[in-house]
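After this come two complexes, each holding subunit A, first together with subunit B and then together with subunit C.
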Partner chain A sequence: MKAYINGIGAVSPQNTLSQEHFLDDVVAVEERFLQVLKPDYKSFIDPKVLRRMSKIVRMSIVAAKTALDEAGIAKPDAILTGTGMGCQADTEKFLNAVLDNNETLLNPTAFIQSTHNTMGAQIALMQNNHNYNLTYVNRGFSFESALLDGLMLIKEGEVKNLLLGGIDEITDESWLISTKNDMYKTEPLNNLQLLNDTQTGGLSGEGANFFVLAGQKTSNSYACISGLDTFYKPANEQVVLEKILDFLKKQELELKDIDLVILGYNGNPISDNIYMHLENELFAENATAYFKHLSGEYDTAVSFATWLAAKIIKNGVVPSNVQKRKYTGTAPKKVLIYNHLRNLYHSPILLEQV
Partner chain B sequence: MEELIQKLKVQIIEQLNLEDMEPDDIDETDPLFGNGLGLDSIDALELIVLLEKEYGIKIENPKDGQKIFYSIKSMAEFIESHQK
Partner chain C sequence: MSSPIVVTGIGIISSIGNNLKETTHALLHMQSGIKPVSILNTRHAADFVLGEVKKTQEELNQLANADQTKPWTRTALLGLIAAREAIQDARLDHSGAFKTGIVSASTVGGMDRSELYYKDFIGEARHKEFIDTHHAGDHTEKIAETLDIKDYLTTISTACSSSLNSIMFGTRLIKNGILDRVLVGGSDALSKFTLNGFNTLMILDKEHCRPFDESRAGLNLGEGAAYLVLEKEEAALKQGKKIYAYISGYANANDAHHQTASSEEGNGPFLAMQHAITKAGLIPDDIDYINVHGTGTENNDLTEGMAMKRLFGTRIPPFSSTKAFTGHTLGAAGVIESVFSIIALQEQKLLPNINFKTAIPEINLIPVTEVKNAKLGHVLTNSFGFGGNDSTVVFSSNKTRVS
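Right after this comes the complex of A and B.
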């Protein structure tokens, strides 16, 4: 199974929407969690439609439109979205209204827009697109599930191209709830100092990362997604290591063939131990990179890593501010992403030069 | 009545999230739907909720909606005549 990335669009806490710049000027903040940089929404979305959209819907449409414009596709054959938590702001608004008004007088807009498939639906509505449209809500596997569906659709010839997105938003309330089980850090920190922070929990974040995938490459293709695997709740670090080795074996690759490994370090000393173990035991000879100091942690953060890997392969450079173990080659051809969420949802994804 | 009209304008802008719009931008006699403010059926539901929540007025007959929600002025007149 493989698919070419022919267009990308990312709304993130960094200047990722610009196609000209590639992390040459990263954004550093001293906050409890990372929020996306607001694009000029009105230049992408009709103000009459915009007023009813919450942040997650807005950023999804901007990212999706950017990816489609770049690929030169107006109406993709399929729209696939993955989101772990969906429209949290609208859900909170609706639930708060239920409590405040004693289960009466509920505003319809927040309710209508609170379902997880709102992003995929809004994108389709704006294109008058009646094609295959599915949203995957599988917590830490949400983006991976959507990607797997996309790869199968392309392999089986069901579609020529499709739009794929990984999206999640953070709100004050959802962040607060997540800190109760030590998932996220509670005190503000400089995101660029993520790996030096000693607080428990990861750095929470958000983003909308969209890709146009196709069975045929173009002269503008970024990279090819050639491998994906998921495994749930491995017994120990050794099992993770073996799973990754199995994955590479299936791809008929050896460790030395991988030019760069992007690891999902999120600043949580407990879960980062898994990455550290792999980096020392399995990837001891490979160059490594990390990304959650730029994106933050969220259920679909691996979609940001996919954006990063695609840009690295197309541009032929590994930005210095994502390098962990220095890349000394000339241009990476094979990039392996390995990410896990709370040591439950584990996934390797392989991207290759076209 | 003038005070109520101004209050309604502010509440509608906030409730319907009419970005970049100020109370003075809305003429009290302009139609709320169609060619005027360009509201739609979801906004109509929001206005029904607003009337009940903020003014305690329930619209018993849905057919009256078209007349009541014609403009800010017609809404204000309806509120004034139905408030206890």
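Right after this comes the complex of A and C.
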């Protein structure tokens, strides 16, 4: 199974909507978590509609439109979204209203917009798009599940092209609750110093990263997604290592064929150990990169890594800001993403030059 | 041609029964599970009737035989009860060679516990073990871990059509060689969140719901879970397993009209049904029974009826909504009603649309109102959700041409 990436749109804490820049202008902040840079929403969305939309819906529409415009597609044959926590802002709003007002004086708007499929639905609505439309919601597997569905749809010949997005939003309250479980850091830090931070937890973030996938390449194709696997709660690091080796074997690749490995370091010393172990044991001879100092950690952060891998392959450069173990080649052809969320949801994704 | 995908195991729990046997009995004896509120702790308890599973958290814990070292939501307990029944029914063992996965569905996931402890989460973080059970996939993970399902897991949420999509996705995972066997379905527990949400939309009937009736005044909410074990026909036959039904057709379409209301002509429902029938290699005339979405709201029943008229013309197959038995079980509705459709196939009986008296004048469609013997080869079930997400699955008693 494989699919070509023919358009991308990313709303992130970095200047990723711009075509002129490719992480040569990284945004550094001193914050507890990373929020997306606010696009000029009004140039994408009718202001009357915009008013009622939560951030997660807004950023999804901007990212989706950007990807579709680039691919020159108005109405994709399918719309697939993955979101770990869905519409947090509207869910909190309605839940707090229910609890605070003892189930009285409620307004339905937040409830209506709280369902996980709101983003995919709003995109379909704007395009009058009656095609296949699905939303995956299994935390750190959400984007991967949507991607697998997309790869299958293309293989089955059901679609020529499709829109795929990974989306999660952060709110003050959702961030606060996540910190109670030591998931995220609580004190402000400079995101570019992520790997030197000693607080427990990862650096929390958010984003909407959309892709147009197709069965046929175009002259503008970024890369080809040619492999994907997911595994839940591996027993130990050795199992992770074996799973990755199995994955490469299935792709008929050896470690030396991989030009760059993008690892999901999020600044949490405990869970970053797995990446460190892999980097030292398995990928000892490979160039490596990391990205969560730019995107932050969230359930669908692997979609930002997919954006990064696609840009690296198309542009033929590995931005210095993401390099971990230095890339010395000329233009990476095969990039492996390896990500896990809280040592529960693990996934390798392979991207190749078209 | 690849081997067709079949159903070899069924598990279900809802207000009309804790397992397949009780469920079948209630359906065939026209016993509704919609009753006064006695489980959900809500100030609206006296205002509405609900399709509750009449078991407390402790009682569900026991029935599910759940690992007490873990935090369990009501959604996860309902899910585990149904999933275990399905696995046992299909006699799934984990002797090495098979790749087994789970695709589940839910709308609000662990909201039933989150809404009890939410202020604690924000404040002193008591009950913080329930922070991680909030997400929609928690019940899927709990089921997978308890039942030792290791090769794939994911969760779908497309509002009230969620679990029909999990049946579709699971079917395709086998067809594409990613899994050999897959547990598909969904679970949703009642919560104040959803009750109040639907209440603010003013689409809850205070009386028993009356799908497809002129006097219909909204839906009753319900809760439950159901799972199907899917495998290839050849694998099922080789192991001498009972085949309940063939998954012969399926489709997903979007109404693209409004976040919560269906288009007047029922575009999404029409496309979902049409594509599912085509996918099965059938024509509309081949469909012998439709288990409609039929929530009992003004908008749904009218537009679903319009879509049926457009697709089937004057030859609309016998149809019924079973929502007056269970209430609308949201993310679990698609698979619960798939189980009902398979019961219809197995029993060769049409299921009744209870509480119906008078046809809706604009469409003049009369559903089946009694349990009736019928020769059923192909049955179709619909589920539609917020966001215009509409899905249809066709179940058949035998192989169809292109499955």
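As a convention for this text, the second predicted complex is superposed on the first by the 354 of 354 C-alpha atoms of A that agree within 3 Å, B and C clash if a C-alpha of one lies under 4 Å from a C-alpha of the other, contacts with A are read in each partner's own complex, and residues count from 1 in each chain.
Heads up, the rule we're going with is that contacts are C-beta pairs under 8 Å (C-beta built on N, C-alpha and C of every residue); 3 or more make two chains touch, one makes a residue touch a chain.
Keep in mind that this is a model prediction, so the values were computed, not measured.
The superposed arrangement places subunit B and subunit C next to each other on subunit A without a clash. Once the two complexes are laid over each other on the shared chain, residue contacts for A:P47 go to subunit B alone; subunit C is not touched. Contacts of A:N107 after superposition: both subunit B and subunit C are touched.
In the superposed model, more residues of subunit A are touched by C than by the other of subunit B and subunit C. Legend: residue contacts after superposition of the two complexes on their common chain; A:M85 is shown touching subunit C, with no touch to subunit B. Of all Cα pairs linking subunit B with subunit C in the superposition, the shortest spans 8 Å.
In the superposition on chain A, the residues of subunit A contacting both subunit B and subunit C are 106-108, 112.
Of all residues in subunit A, those touching subunit B in their complex are 47-48, 50-52, 101, 105-109, 112.
The touching residues of subunit A, when paired with subunit C in their complex, are 1, 79, 84-86, 94-96, 98-99, 102-104, 106-108, 111-118, 120-122, 124-125, 127-139, 141-142, 145, 148-149, 152, 155-156, 173, 176-178, 180-181, 230, 232-233, 344.
Of all residues in subunit B, those touching subunit A in their complex are 15-20, 38, 42, 45-46, 49, 52-53. On the side of subunit C, the complex with subunit A involves touching residues 42-44, 106-107, 109, 111, 114-115, 118-119, 121-122, 125, 128, 131-132, 135-137, 140-141, 144-145, 150, 152-159, 165, 169, 172-173, 175-176, 178, 192-193, 196-197, 199-201, 252-260, 267-268, 271, 385-389.
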